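Presented sequentially are two complexes of chain A, the first with chain B as partner and the second with chain C.
Let's look at the complex of A and B:
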């Protein structure tokens, strides 16, 4: 089924943010936003919360424990070798390896979790609302399907009034949540 | 918004009493046990100088990076910087204690020791004192320059944009000069004053570690001062974003400190060369081992674990707990570095406590009176608006 969307394109962060603010005030449902760089305020305005940092913390904890356990197993339990007169469990020399592997674990695992959560995978058919979403523009996508015509026009008016470079209405099929 | 700080009579009285206690303890200590007293005098004197240097670091780094968020707190770092001149006088007194603290200052010890003879062109009393004076002259001149530029900003007409910008650029230029000079002189100073306590031992990362420690503890004390002033109604605009930025500074520097601490320890532990391990061997004996681990727990582990969640980084109570840990941690750090090489006696008695209280009182007195001498908020700073409305 096809859905209709109002798309506002901005080239200024402040105008973009104030548009989101007044769209929220008018209780219009924002489908998605695109920014060229992370803007923290969007998170607060759209009342989104990310649990990714918590997950990353536990990935890190798991990485530390797994690496130290592995090092302990290889150099103390399974194949103890004396080198440099050091004890088998030479903890300080394990630290550097542990730090590096922990960072690696956190990076890869967070990336995998993020992709899984947002259903990103190679070959996914993505809806491209506007090609400039991947460039230097700020984009707000408002759902206008199922909303009264006047409300949809209001969304367009608000965005235009608050400094959108361009406002348009487009129709897309198979839009991902 | 209150423009100037009024230092209450009670505060002045308490800090001056503390200073008097410090002076009393110092004289009492000199009469009863000069070696112990001079060693502890070095510890606390260096402690408060490192806080002042932390203030310098904060100031110059903020100017060089032209950061806006911190410009309203600039005067606090200036007040901390101004303590350096007094620390200089107190350090000059150390000349009388050179024989009690430093092994290399004994002529008969040098005569028997080829390594000390080899180092004697650098480690001798006249050159030591000369270097000390040069460091302090350089620091005091540059600090006075930065302070006067900052104060001139208050006098300028707010409409004179060019004049304000010229002062801003000038401050940045001197900050750039200062950070280079500070990196070299403070490294050498750490070698001179702290590392030469163990003249047979050397570590090339030592200066960096002490530089990071000074910056870390300077910024944490600066944060504490800002929080105290906020509680008394002086920085009404202080919001969670400012708090978060201070917490980030502490968090980042605590990791840097931990990194250097561990780098120094691990290389020596792994290399296992007798003349290097001797340093840690002494610090691993019974009682010292507790302090040795306490050092890394207080300065790295606790700040790291507490400030990791965003919520705690925006919570002033959590940050104050971290700062208290760091204030104790810096003392433990310096104590472990200096005392085993001088008296080698693990104790915390009247001399230690009295000297610390005395210096703390004096430092608080100087910082408070310097703060009260100028406007608390630099009214014509180009980034002031951004600082007041800081958010991210």
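Let's look at the complex of A and C:
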């Protein structure tokens, strides 16, 4: 289904941020914003949060337990061998492998989660509202469908007033979140 | 946090965001100069020579190498440790400087990470070849097998080493690739060629620069950076346990893990400097990789060089202080004097003395000096590994075991081959991947002129 969007293009970070603030004050819902580099102010304004660190912690925990369990199973239960008179469960020398495998698990699992949550994977065709967002422009996208016509126009006016170099309305099919 | 008045701007020349994109992508858009094709040809020849040497090694066995019953580890292990050391630069650079919030890493981290990946790949070749029967290399994986199942020895440093290096290779490659995503998208959105659009579009995974992407991207970078920092320290510590757990005189010391880690970062930073001096010269990127950047790396190198000097002195002191005659012999009769004195003094001069030239501001700001000193550090670090591996093995406890060691043409061939492989990788990287992290450069371009600092 095609959807209409109001797109404001800025070439200055400050003007871009003040537009977001003002759109928020007017209670206009912002679909998303696109920037060439991470702007931390945006995360605060749009209340973007990431729970990846929490997930990574649990991946780590799972990694440690799984590795130690595997080492215990192979060295104590399945085929115990005495190496240099050490006990079968020679925990201190298992630590090295455990650390490395844990780090490895956290990395791969976090990457996979990042890919799934952000919907970034090979062949993915995310909607590009304006290709200049990866170059030097800051872009605000406001949904025009489902809101009153006047609201969408107000959003355009606000962005223009606060220094957008260009404001346009465009239609896109199959917009991904 | 970053004081521009004292340390100078991170990006010189008052670049706009658009200019940064253009400047960094330019080398990918234009046909490279003749030098690139010549350099690539030479590297390819070197890699082919290496291919021949590897073929001979696999076809005839490791009898084609200079190793013998006493010196069981020769050039291959020397080269392995040397390459792994160089491979620490990228992660040391990006990760330590990332978690310390040092913004000057931005112009250099991409190239340093690329170097890491190619250096670790080169390093990984050696232990695999050293197994002799390469086609059975998979035996080192702890997989359920029909021999019992008989598991590998989880208490062995050699197994730890295998785990650490495999993990390190995969993790540094993922970190490198993750950092590349926004820049690949930039290339995709700028190019007019259809093939490029499809290719870079595929590899940029649909990156759009949305705030939802950025926040997850940033937190993922910090997670990976934070945990990989532990890995950087542990990888070379584990490599050092390959030696420290052995009983050979000169190996069996507790100083090895920190000594190896510091040495690895030393050679890695030196290699970063060598490459950066050349890249900024050839591609005229002095506005991005400024004299201040080189200055900062040079200062780190003096500091590490002093630690290395101290470590060498500590080793010698402990050999004497222990009163152990085998240790005394190894250090005083077989390193400081004796058959391997050239390697020993070469190592001392290259690693502890020559880098002291960086105390002079003129040296830190002259590209020829930077190149000379950084290359000499790399030679010095190679000699250090030679010193550790070969001297201890050649004359151990029993004089009847004493032999001398010299490499064969096949040994040299494998080494030259890995240098060729590394150089090919770096040259292709310069041609097809944005050499600097464009998005990160943009975020620091205005530092010092805005309220955020």
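Here, the second predicted complex is superposed on the first by the 145 of 177 C-alpha atoms of A that agree within 3 Å, B and C clash if a C-alpha of one lies under 4 Å from a C-alpha of the other, contacts with A are read in each partner's own complex, and residues count from 1 in each chain.
In this text, a residue touches a chain if its C-beta (ideal position, glycine included) is under 8 Å from a C-beta of that chain, and two chains touch if they have at least 3 such contacts.
Quick caveat: nothing in here was measured; it's all calculated off a predicted structure.
Q: I'd like to know which partner A:110 touches here: chain B for first, chain C for second, both or neither.
A: A:110 sits against chain C, while chain B stays out of touch.
Q: What is the contact status of A:93 with respect to chain B (first) and chain C (second): first, second, both, or neither?
A: both
Q: Of the two partner chains, chain B (first) and chain C (second), which one does A:53 touch, if any: first, second, both, or neither?
A: both
Q: Could you look at A:66 and tell me whether it touches chain B, chain C, both or neither (first, second, both, neither)?
A: neither
Q: For A:165, is the partner it touches chain B (first), chain C (second), both, or none of the two (neither)?
A: neither
Q: A:85 contacts which: chain B (first), chain C (second), both, neither?
A: first
Q: With both complexes overlaid on chain A, does A:33 touch chain B (first), chain C (second), both or neither?
A: Once the two structures are laid over each other on A, A:33 reaches chain C alone.
Q: Of chain B and chain C, which one contacts the greater number of residues in chain A?
A: Looking at chain A, the partner in contact with more of its residues is C.
Q: Please identify the positions on chain A that touch both chain B and chain C, taking each partner from its own complex.
A: 53, 84, 86, 93, 96
Q: Going by the contact rule at the top, pick out the chain A residues touching chain B in the complex.
A: 40-41, 53, 57, 84-86, 92-93, 95-96
Q: Flag every residue of chain A that touches chain C in the complex, lowest number first.
A: Where chain A meets chain C, its residues are 11, 32-39, 42-43, 46, 48-50, 52-53, 56, 60, 70-71, 74-75, 78-79, 81, 83-84, 86, 90, 93-94, 96-97, 99-101, 103-104, 106-108, 110-111, 114-115, 117-129, 131-136.
Q: Please name which positions on chain C make contact with chain A in the complex.
A: So the residues of chain C touching chain A come out as 16-18, 20-21, 142, 148-151, 153-155, 159-160, 163-164, 167, 170-171, 174, 178, 181-182, 185-186, 188-190, 202-203, 205-220, 222-224, 227-228, 230-231, 234, 238, 439-440, 442-443.
Q: For a test of understanding, state which residues of chain B touch chain A in their complex under the given definition.
A: That would be residues 262, 265-266, 269-270, 272, 308, 310, 391-392 of chain B.
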